[in-house]
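Mind having a look at this structure? Questions to follow.
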């Protein structure tokens, strides 16, 4: 089933790219954070797929993906917290309006 | 008694003692600060007078050598080829010495700094900082002329940059900050090129082996002697071509040597300055305080010429020979370009700036000649121009103090109210245009004589500069002191003692050099003789 | 040549869900819809993990992503009184460049993935996937595991400090 | 197949520095909660400093061990590479803690206690990164550092800029983490292991099959690391994050976070990709060429963009970009090109040490100025010479060092790197390095111009809190000493450090 | 025979040098003592010069050379300084010291009351020192040094009244124009330096080398011509003569001292001193002759149309110097030229000092506004007449003999130049009579209350007048004494008659036009106004220089100034600006939008990957 891995990897790549596109175009800050989660999910998919179909299958990939999920959750939480604090100070969640510092 | 002291270090670092002394004088004690600072410049001056008299004229070697290990950096030697050695390191030593070429420049530095310190009595604010920076600058300049190690040289060279930046930027005229910036960036780039050239040299020709107790060490050295030895000995690594089988990272190909000379030329050409790298110094000349320009024009420009001789010609005689014609052309261009532009300036300081460019062209010609006469002329010109431009800017300072202008069209007839200063101005002008009996002539004669032996046409074209010099110098000098005088200047006071003393001193030296050039020729002669013997034997080999 | 077996069918459907959810998220204009569609993606992914014999990961995926994270995001949206709609994009050049960039990026990845073949080997998920993972975590990966605990604490404290309302 | 490895109780001794930090962090957290609201939080700072010093003492004790210690199948390594970098991190954090004591209120940070103890886990993350021999440890360490940093950047809660900076940093950091992880996932997929030391052999064996994917994973890692060290064109977050962050945190980002990025970049690139490739597929050459170009881009972009900068924090951010470029140079100068040039690590770490002191010094002075003027603009330095002459002198020394003028640590550091570059005969890189550093004179001296050549008529004498002043003078003194006697530092490093034993993870 | 006095010859320049130093140290103080100091110094020099001269006249005495002062050593080549006494420079010493002494005395009257009289005497002493140094120089480099010092002293003296714009301009012009010549001389020295065996520059080595034909003739020609360029500058020969008439802006005694009697003669002296080189190159000698001849007639014609008393004399000086050059060029020895230099020094000094006496009396210089002064200023008028006759070449005045010697040489060697000289002599006589009659004869043309000058001024006039009469009688003897060779046959009867005729004709015409007024004075200007204008405007040489040299150089300077500003510095600024603009472009991307930042990161990745990896796959 060596072809299976390529399908998983391609799916991961598609997912990663969708996440990337979302992170770079969406206006709403929450959605931007969500898009990053999609990217991390794509990575997880990769890791888990490699754990099964990789050159040297091992559980390490799954363990790695668990760490990734945990970290991603923490990151999302912190991101939302920052967003809330920012919202309190600025009153918007539009990333396009976050340009008080430039040049 | 003096002979056993590290006289060069004493000279070089005695100004720092002055800095420390000044630290303890309160800011508002202007009189004491000035007195202490001037006294502090006298120490190295007296020491360098002693050095000058004690110097052995009968040898061309380095004298008063002081050497101390300084930076000794071990390098990683885990590679296959390096493990067997006891140690592998690069080292920069604190190594100072003078020969006949640097000796006069050391003296010049001491003299002109003292004069500048006297001239700085016009400085209106923040004397304390001013003098501290001046003294720091002096240390840097001494170091440049004494250092025998590439790294040490570079460090001193860079040290001069910073105080100068402050001196221009704080005490200059309207556009001072721009001038300071231009000075800094331009000279910084020059130093950058120099550093690359130096480090390439150190990493190739500086590579040596040493035996200690049966074990061999490898090291990179910045010592000029080591580098020269490797560059000149035919069987050194530097001159061993790598083959398909043998790698040699220390090889310097002829093309590389050529490029190194070119880099050194650019590096020191900025300082000298060589056309077209001269525009920075115009701003410095016009915007900096005259006492600062005295040092700048009097000494700092000479560092460029000195470096070109010390590192360009002495380390790369063969390449210098390849470069001789372009050098001569550059020299001629400098002379004529500077002269023609000086002739069209309406501001006295700019006239002097362009005349400096013109005069530095003569140094280049002397160097390009690559013979004893030319080289002697180049050194004479360095000293002579140092004295003359210092004197001229001393006068600029004193005149500006009285007239508040240096625009030639607004000046005139000053000989009536300030005859003494105008007389000195006339002498300085005459020295600047190369009047025999004053110092400018000797250098002009020697430099042209030297070049004439190898490139008569270039020398002849360059000699046109002698006419142009007369034109622009007389134009400027006469515009200032001749002609009718505006009424409102009638009550002006002639030079005070503190102004007259440095003027007379400088005139005395200009005269001395003009009448009895051997006073400089004697220490120089053996050095240059030995040097050219070395060069000819090495180029032959 | 790809054989059309059950596993592949499952993969095919799940990946359609995954991509579909993600694409919907990108194209929806209402923020809440976006979150819902992304939750759908997360759940479909956990299905894929099951296919890949990573039951524990699949479980965690549902728990954390589809559960905790989506809820968190919805809270985030609520607390920031979002404008409900995504407007028409105001930066066409930017979006175009992003699209081109992302496509290039995908092109590079796809090219590299397609050029590679993995020899493959036997995969031993262990008798009990969760137990095996647990053993690994507590032995081989105990250091990062402990550090993750620090990390979570920090994130916890940080989030509180940042998000709590200051009394004036 | 790896057997399961267990962490023994005895191994905890090796983790003493890290444990110290964790314990201090916990103690401080609890103290912060327990202490009444109105008590001075300065004591927390001093305690935290004590923890850092103890941790550093443990690290110092681990230096120069006979044989590098590795725990749990290389998932954690204690070698001199890691220890030296840890000392850098700890020194940096220590100085930053010192300058935070009693000054945070004025910076706009209401939760000074939290900020001070959050520095500890962040440093812990950096230390994990330096010590890791395994991608998972490395990743977790990296995220610990990053997430803590996001929080700390956003600590000036009343300021819009702080929130914006934090959010931008978090989003871009998240993207870059994803990119980095993506690269790691491919590495894992190709080699079946997360152990850094085992990868290059596998990659070498399967060069043909994995060829394209190795490139992709390299560039994914490359982009991720470059983001962390803020090298152009991956630097864009830095100016905004620095400007938004409280000044000590900006210093932390500029020094510790950047140094940690370098710690993994250096180790991973060399361990995984060094020597991978053959004549037909010179992956190795391309990889190092890319790093060299990255270095050049960072030096050019950083220095050029700083030229007209009027805000001091942004200026220092761009200067940090340029300095990332300088630090990349020794990494790019890999030792295949010259049979005699092997001192890359000494060059790197010496400049890093110099950079640590001069940059923290610059930020500390910025704090002093900010306290007086209330903003971070360059014009705040106007007439500093009249208002606080000694601070102005210290700042001059620091600026000279940043500009690379003798006799300072920055000068010698650059010189050492340059010398190595010329030994390796990478002339173009040397040229770019030195020309851009000359260009940098312009904006560094702009600070000097403000301090000495402009006047601020409103300004009165500036009062400096003692810890902050001490931090400034430690940095200044260190900068000068590093310039005058670089041999002491380099000789020591050279005597304990070995590329084969302490740096490369090979099994 | 060994000389007794020659070893002390270095005292001769030393006295005036000491006087100069003393006077300079005084500044503007001690106005009364100034003249005394200078006169005593000049007198001391004069006495010593006379002693040396008499000694040499008396018997055959070896040339004395001392060069014990090692000035500078370049490599193995020593440059020495010293002094040398030969018959030639013994004669020069007497001329210089005598004229200098008389001018010093005269000045006491003429400059009476000037507030800078100390400075004036200082400058005169400096000049005397330089000129004497030039004369006794032992080598050509030393000669050059003093040569330049002479130039500078003359600059100082011309510009003595520094507040007058004309004086300022004249001084500048004098210095710069002579400097043009000096560069030629300078290059000649460089050529000598490289071509002489052992880089020797002393005159005896030069003599040996050139007389022994050790130097290729091509080189000799270049050296000789370049030396002559120097002489052209200093001696006011065409085309570098323009400074000399302008130099009359200086005080009149200075005109007498420098621009008539001594300094301008330096060029002639230089050629004579380096005559060996010229002898080695016939081409060079010919050039000297032609230039000299042309200058003689050229300046003489200009002299006929000038209205400023001193300018007329100045052009006559130029013309007479042309004579001397011609003499050097045509002959095989420098005797005739030096002889004319000798006599000319006296009568030209006389004429100038007399003119000065007139100016002192009427305070103006335009001869059209003078007239009838003969009655009021008898001594001046008579002595002026003596000088004019001498200059016109009327026997038995000194000028007759020396001019005759020259014309005889020309007659023998080059008929064409002889006739040129003859016509020049005619014009000379004409303008001198015009001058005399306009100034001293007829009726006053303005109401001056002219008075005879004081004795301190008239006594020198009388002494010079005596010399203007008497100095010609050394004619038979001087040639052989100077050159040490047997004299050629001289006293060609035809030449004597012809030259006297030229003088008489010229004077006659002048008498007819300006005294008797039977021929209208505007005979030329009315009929051929262009010709009059051409001559009056000095053949437009100044204008030509202005247009052809000064203006283009100015233009080049202006162009270079723009070039320096806009191109050289422009490139610098452009480079700086482009660095800044690069930064600006960079910061423009830094627009605060985090998604732009992300995009940059993404594109950065793609570019890096594409460039470094892409090339391995495509």
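Letters are used for the chains, namely A, B, C, D and E, taken in the order the chains are written, and counting of residues starts over at 1 for each.
Quick note on the criterion: a contact is a pair of C-beta atoms (placed from the backbone, for glycine too) under 8 Å apart; a residue touches a chain by one contact, two chains touch by 3 or more.
What you see is a predicted model, and the numbers here were worked out from it, not measured in a lab.
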In contact with chain A as well as chain B, sorted by label, we have D, E
When centres are defined as mean Cα positions, the distance from chain A to chain C in whole Å is 6
Cα centroid separation, chain C vs chain E, in Å, comes to 101
Taking each chain's mean CA coordinate, chain A and chain E are separated, in whole Å, by 95
Chain centres from averaged Cα atoms put chain B and chain D apart, in whole Å, by 42
Where chain A touches two or more other chains at once, the residues are 5, 9, 16, 19-20, 23-25, 29, 32-33, 49, 54-58, 60, 63, 67, 71, 74-75, 78, 81-83, 85, 88, 95-96, 98-103
Check: chain D positions touching at least 2 other chains come out as 136, 139-140, 143, 147, 150-151, 154, 157-158, 166-168, 171, 175, 179, 189-190, 192, 212, 215-216, 239-240, 309, 439
Going by residue number, chain C touches two or more other chains at 94, 98, 101-102, 105, 108-109, 111, 113, 116-119, 121, 136, 141, 144, 148, 151, 155, 158-159, 162
Those chain pairs meeting the touch criterion are A-C, A-D, A-E, B-D, B-E, C-D, C-E, D-E
Per the touch rule, the chain A residues reaching chain D in their complex are 5, 9, 16, 19-20, 23, 29, 32-33, 36, 39-40, 42-43, 46-47, 49-50, 54-58, 60-61, 63-64, 67-68, 71, 74-75, 78-79, 81-83, 85-86, 88-90, 95, 98-103
The answer for chain E against chain D in the complex is residues 579-580, 582-584, 586-587, 589-590, 592, 594, 596-598, 600-601, 603-605, 607-609, 611-613, 616-617
Chain C residues touching chain D in their complex are 108-109, 111-113, 115-119, 121, 135-136, 139-144, 147-148, 150-151, 153-155, 157-159, 161-162, 166
The chain E residues in contact with chain C across the complex are 593, 595-596, 599, 602-603, 605-606, 609-610, 617
In their shared complex, chain C is touched by residues of chain D numbered 2, 4-7, 15, 22, 25, 29, 71-73, 75-76, 110-111, 114, 118, 121, 124-125, 128, 134, 136-137, 139-141, 143-144, 147-148, 150-151, 154-155, 157-158, 166, 189-190, 192, 209-213, 215-216
